[in-house]
Amino acid sequence: MSEQSLVSDGPVLGKTDPVLRAEGLEKRFGGLVATDDASIEVERGTITGLIGPNGAGKSTLFNLVSGFYEPDAGSVSVNGVNVTGQKPHEIADQGMIRTFQTPRKPEGMTVREALLVGPHNQTGESIIPLFTSPSTVEQEERRSLEQAQQMLERFEIGDLATQPATDLSGGQMKLVELARGMMAEPDLLLLDEPVAGVNPVLADKLAGFIEELNEEGITFLIIEHDMNFIMRLADPIIVLNQGSVLVEGPPEAVRSDERVIDAYLGGPSE
Amino acid sequence: SGGAPEDGGGGDGGDGESTDASTDSGSETYTIGMVDSLSGSLSAFGQRNQRGKEIALDDINSVGVSGGELAISQQDDQSTSQGGVSAAQTLVNQEEVPLLIGTVGSGVSTAIHESVVQNTDVVQISQNSTSPNLTNFPDLLRMPPAGKAQAEAISSLLNEDGNESAALAWINNDYGQSVGEAFIEAYDGEIVYNEPHDQGQSSYSSTISSMSDTDADAWVFITYQPEFATMSQEAFDLGVTDQAAWYGGDSVKGPKVLESAPEGSLDGMKAVVPSVPQDAENYQAFVSEFEERFGEEPTSWSAYAYDAVVVSALAIEAADEFTGSALMEVVRDVTRPEGEEATTYEEAHEILANGGSPSDVDYTGVSGPIDLDENGDPVGLLQVFEVVDHAYEPAGFIEG
Amino acid sequence: MTDPILTVDSVDSGYGEVQVLDDLSLTLGEGEIACLVGPNGAGKSTVLKTVFGMLEPWTGSVRLGDREIGGMAPEDIVRIGVGYVPQTENVFGSLTIDENLRMGGVARDGGLDEVVAELYDRFPILDDKRTANAKTLSGGQRQVLAFARALVMEPDVLLIDEPSAGLAPNTAKEVFDDVETVNELGTSILMVEQNAREGLGISDRGFVLDQGTVKFEGEADSLLDDPEVSRLYLGGESRR
Amino acid sequence: MSTLDVGAYSPREKGVVGLLGALGALLLIAVVTGFLAPAYLLYLVGLSAMYMLLSMGLNVQWGYGGMINFSVAAFFGLGAYGTALLTASGSPISGGVSPVIALFGGLALAAVLAVIIGYPTLKLRDDYLAIASLGLAEVVRIFILNESQWTAGSAGLTGIPLFFSDWPVLGDLTYPYVFYAGGTPVFNMSQSVVTSFLNVVLVTVIVAAVYLFLRRIHQSPWGRVLRTIRTDEDLAETLGKNTFAFKMQAFVIGSLIMALAGVFYSHLVLFVSPQDLQPITTFYVWVAVILGGTGSDRGAMLGGFTIVAIQQGTRFMTDTGALPIGAAPLRLMLVGLLIIFIVRLRPEGILPPERELIWPDSLGGGRDE
Amino acid sequence: MAQILQYLANGLVFSSIIILGSIGLSLVYSIADFANFAHGDTMTLGAYGAFVAFGVFGGLGGTVLGLPIGFFLALAVGMALAAIVAVLTHILVYKPLDTDSIGLLITSIGVAFVYRAVLQASFGTDFLQYDIRRSGPIPLLLDTLDVAVTQRDVAIIVSAAVLVAGLHLLLQRTTLGRKMRATADNPDLARVSGIRTDRVILVMWVVGSALAAAGGVFLALYSQLDPRIGFNILLVVFAAVILGGIGSVYGAMLGGLLIGMLHELTPLLSDVGLPISNAYAPAVAFVIMVAVLLVRPRGIAGDMT
């Protein structure tokens, strides 16, 4: 019972230094309410988990905060800046990057090219510096390339660097998607089921990698159904159910909460 | 199949050698170039031109040219100026023909003249272009009279017939625009509708509807046959054929138009067409030859193409040598009225072959007196036709 | 082991010029559940695609009972009683849920309405959204739909690629239960699963694939107990 | 044109380069033996270069950024009209401006229109953009056709000077131009040869400059973002790329290159009319880009060349009398069959892109395009 | 008022033709997944097929809707011919290709050239007409509503409506429509589900080209026949398809109706005080189309299917 009390009914708000704050988000699709007065805060420096049954509205929440959907009500701020209604790239500019649940696979690019798109605000993305300061572009490019290669090695797909990004297995695509997000080095990284379909041994290693990055200062908000993975990494964990936050709390407490077991975990595993 | 076989002795550019007078033996082959619209939006004109050209070549080669044969190297302009320039480049710079017949569209002819022919030793004769703009290029000769004369003729017809207001529909290209403008300038009455229409549309009912909204006494059509055919049918379908008197330029008159119009629906329409008297012997012969070969009546356009080839052949016959400058010197003369009138190639050839000078000949072709002036324009003889009992009946002449 | 219903015999296969499967053999016994596990990119999905005619085996043979099916077209393989749930792009996004299910039964002779009704009973998550376009489904809902679509044919052999990926623990449990139920009703099942412990947990036999060949095979339980297999392929503990 | 490239070639490229080399040699032999007239060859080179420019322009939009722009003819036409209206003696608004200045007039016109067309339509996707741009291109053509007080309407513009007409030496040559070496005349050239030659020099400089410019921007992070937008705009957006701005940049650059082709065309053909804005040019340029290899600058150039080769090569296959088919339909059919066969044999184009979009020098020893 | 009715009547006839063209194009667009630039020439092909057939059956007695029975036979022949040619083209040209949708688009330009070349070689470039008498406006309508509509107009509208209704039944009452959509959505998964996608694609070509041919025949009946009629109208047909929303057959119908109407209603603009010349009619249609796309970026029926 003592653990139970650690769990807050609904979201914990008023955190000291939230990177992301979403308040009263609502999104309807026709008659269906996908998120309903959902509020969350992600405290800087944490790895926050977001779990909940299929169709609870987790991905929709990501789409709302990252600017892909326009909320019917509510507001979003990133690093204290109100970004409600802004375009996805403007929100990304504030320091928040997301990955997609269904991996995006750029055609006609190699795996490492796909990663090189990740870094934010590259000098070479404007035309004029290409002619006025090519050496800066070159240096940046070398650095990113090196970083990309290291990242791929860690993800155990180093040998795929020059492979077409479309010719990958399902799990490999997820890994590339994850790596690209990390290349951006944002303040806050939103991961939508990063290890669904990833081999458990590798998933463990990735967890370690995420912890490292977290120590280096990146804040994470992770959706994941792999309990082993999310319980190990995340604190706090937010549970979403039917479009709004059911409870929030530390992993073990959430795991043993009756309501969470009912709605999400199901009976004890055989 | 009714298709136009384009062989007709046409020079095959493929061997690249059949240019100028090739051998010194008795039978030389004189190869001239022809740019025509064989594909694209004006290809119906091109097809008729090819038929005229074919008859002309046979007529010429059965008599001979300067002791040799005439051959025509043929290129398609795809009805565009880009295509026309490329075609002319091939003929002028690659095959080095000294004389170029070309082409249908006035814009295309101008483009060819400006970018290829100008400043070279080549004579250009357009077979079909009627835009007044061509008058500004004295070296660019042509067979049909400038549209201006025709426009004036139509307006005087309207005036004569007592039409106080007119609705004018013109095709949105160089031809339609220039003839339309000339008409408006010459017409005394009120213009109550004045709109262009695009070529090749499937429906012109908005044009017809708009015209019938006006209470114009006369409707004037400056357009092409297929477009006019559609319009006249639509007018019939809308039941407005009798609302006003109809007038048209040369390109709305044609056997196809009558064929496709409901019986009697065009009765009373007047069209002004540059041509020789219909009962002229040479014209009759041309018509029957054409009908025999192709199963249809020729249009004035086929006649121009025919004459373009004949005039070219006469120039070759009359010139001292087979070069552009030599041809240019005589080409007007063989058509000018100073000499003895010849109505067929054979007659004209006879005069020249018997030692006549170029100005001893006045070739009067199947399309009219020709008489090229210093601007390279022919003096058109304009004839008025009226549709009576669903057939074109001659209804008088107007001097251009 | 029971009589083999599906036999993959010394198969080489791959994409274009790239070879993925290297002399791979495995068998599925009649009435069994077999589970394929292994690292990402090992070739698990490629095995299923090759069996189902999406890829043609370069060498070797694939047999259903005694019948050679290597290189047969998928639409024909469906008709001889094999079903397949692909790993990705496994629903028709622009069709409704109902249409998706009905598409699953185009090769049926009849009784389509009954089966579909039964499936709605079994998966209430779908019942709620019959007329929604599949592309509006959440990741997990989509996964369930893909599974249900393959069941419409009531196949003798079912190939499933990662049925539990993206499913919440409770839904995953239901799906695994369903796999067992379907199996008990007589369908032999060949399943790929990254959630290896759970997958092997409901299976009779297991195959560990690495770099296009079978590295370990045997009774599911014995693989689960094998410390080397655990360390290399299965990870520490159950993932749910 | 592949001589402009440096670095090693893949076998496929070697094959193509070899083929081009052989073709060049053949043409040269043809000229030397008198089989092919120099003025004609120079004209063909000029025409090919014009199509190369058009294809490169479209390649920036479609090949880099995946924008299906069907208004190529409009930008080509604007370049042509821009310079013609400023320089031509027959111009209703101005005329007489030096072609060098008019060049910028043509480009400015195209840039303005690119923004006007791009602003609403670049938000559309794929085929919707295609038809919207095609529609707006038609609006431009219809405008030029009907507003004759400014554009001379369907009559077109005549009296366009040669590009070099007011240049110190080049503008004052007399013809036939005799070339002396040490006091003795070596050869003389007719006006058409000289003007064609000057045109070829001009267009070669333009093509080379455009190519070098594109080579740099394509294989840069900028080009990479466009490539990402091409397959997945959402992905680029989440990574913080302002996709609209990138697309607009590519659209304007591509349009300017097309307009450049139009400017050149004006001074090559010396006559422009609304006909030059007919959508058919757009289709041919599309065919050129696809046949050359989408996304590859070299491919675009090769495609431009190929399309002219097809168009002009078939001119010589006139009626032999042996086939029951006239010259024009025969040619149309040949062009059609050639297109089908090239796509069949080289589905991804003759020279598809083979390089990664990574800044060349940073790969260490990598090749560049 | 009568004026507006008249414009609407004209628009309806023209729309019927465009709708037939655009449905076929839309089918091919969604299932074969490319913009088929040979579609216009398929229309022309059908029209010529019917022309030749009409030469044979033209004499057959009896009339329906003011048109001889022989005409409808000829129509069927034209449709069959177009279907056969399209299927052959699919088998010989498109199917063996290993390319993306833009590659197919370019190929279809080549195919269009070949069709047109054959027609031009066989029939020349001059225009032709079905030899059917025109009867002028139907007196009843002219007297009561002051609207001129001919029997031929009615025949076009009715035939188009019958064909469209037939297609509607085919798509709705059989699983074919669903199979087509499934194949368009994800051909691999369609095969996995047991759909014989090869057959579905063949059927699609047959239906799409037959409808195109019908459009071509009516177009030729309405104005006249030459080797470029189909190509000339292709742009408008494309506009209809896109405006309706790619891949949506019903969207294509809506788009066709709208574009056809816009085309014929431009004179109204002057009547309501916007002095826009008829020369700008296509421009007005295009501007409105772009405006609609800006509001609904995926066409009118974009997300409805």
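Lettered A, B, C, D and E in written order, each chain numbered from 1.
Definition applied: a contact is a pair of C-beta atoms (placed from the backbone, for glycine too) under 8 Å apart; a residue touches a chain by one contact, two chains touch by 3 or more.
Everything numeric in this text was worked out from a predicted model, so none of it was measured.
Shared contact partners of subunit A and subunit C, listed by label: none present.
Two chain pairs are in question, D-E and C-E; the one with more C-beta pairs in contact is D-E.
Per-chain Cα centroids separate subunit C from subunit E by 44 Å. Subunit B and subunit C have CA centres that are 75 Å apart.
The centroid of the Cα atoms in subunit C and the matching centroid in subunit D are 52 Å apart.
One inter-chain figure worth recording: subunit B and subunit E are separated by 36 Å, centre to centre, where each centre is the mean of the chain's CA atoms. In subunit E, the residues touching two or more other chains are 120-121, 277, 279, 282.
For subunit C, the set of residues touching two or more other chains is empty. In subunit D, the residues that reach two or more other chains under the touch definition are 145-146, 324-326, 328-329, 332. Remark: the chains found to touch one another pair up as A-C, A-D, B-D, B-E, C-E, D-E.
Listing the residues of subunit E that touch subunit B in their complex gives 3, 6-7, 10, 14, 17, 120-127, 129, 133-137, 142, 148, 150, 152-153, 219, 222-224, 226, 228-229, 232-233, 263-267, 270, 277-279, 281-282. Those residues of subunit D whose C-beta lies close enough to touch subunit E in the complex are 62, 68, 120-121, 123-125, 127-128, 130-132, 134-136, 138-139, 142-143, 145-146, 279, 283, 286-287, 290-291, 294, 324-326, 328-330, 332-333, 335-340, 343-344, 347-348.
Across the complex, subunit B meets subunit E through its residues 1-4, 39, 41, 43-44, 46-48, 172, 195-198, 200-203, 205-207, 209-210, 213, 225-226, 229-230, 233, 236-240, 256, 259-260, 262-263, 265.
The part of subunit E that touches subunit C in the complex is made up of residues 175, 178-179, 181-182, 184-186, 188-197, 305. Contact residues on subunit A toward subunit C in their complex (touch as defined above): 29, 32, 51-56, 58-59, 101-102, 156-157, 160, 167-173, 175, 193, 196-204, 225-229, 263-267, 269-270.
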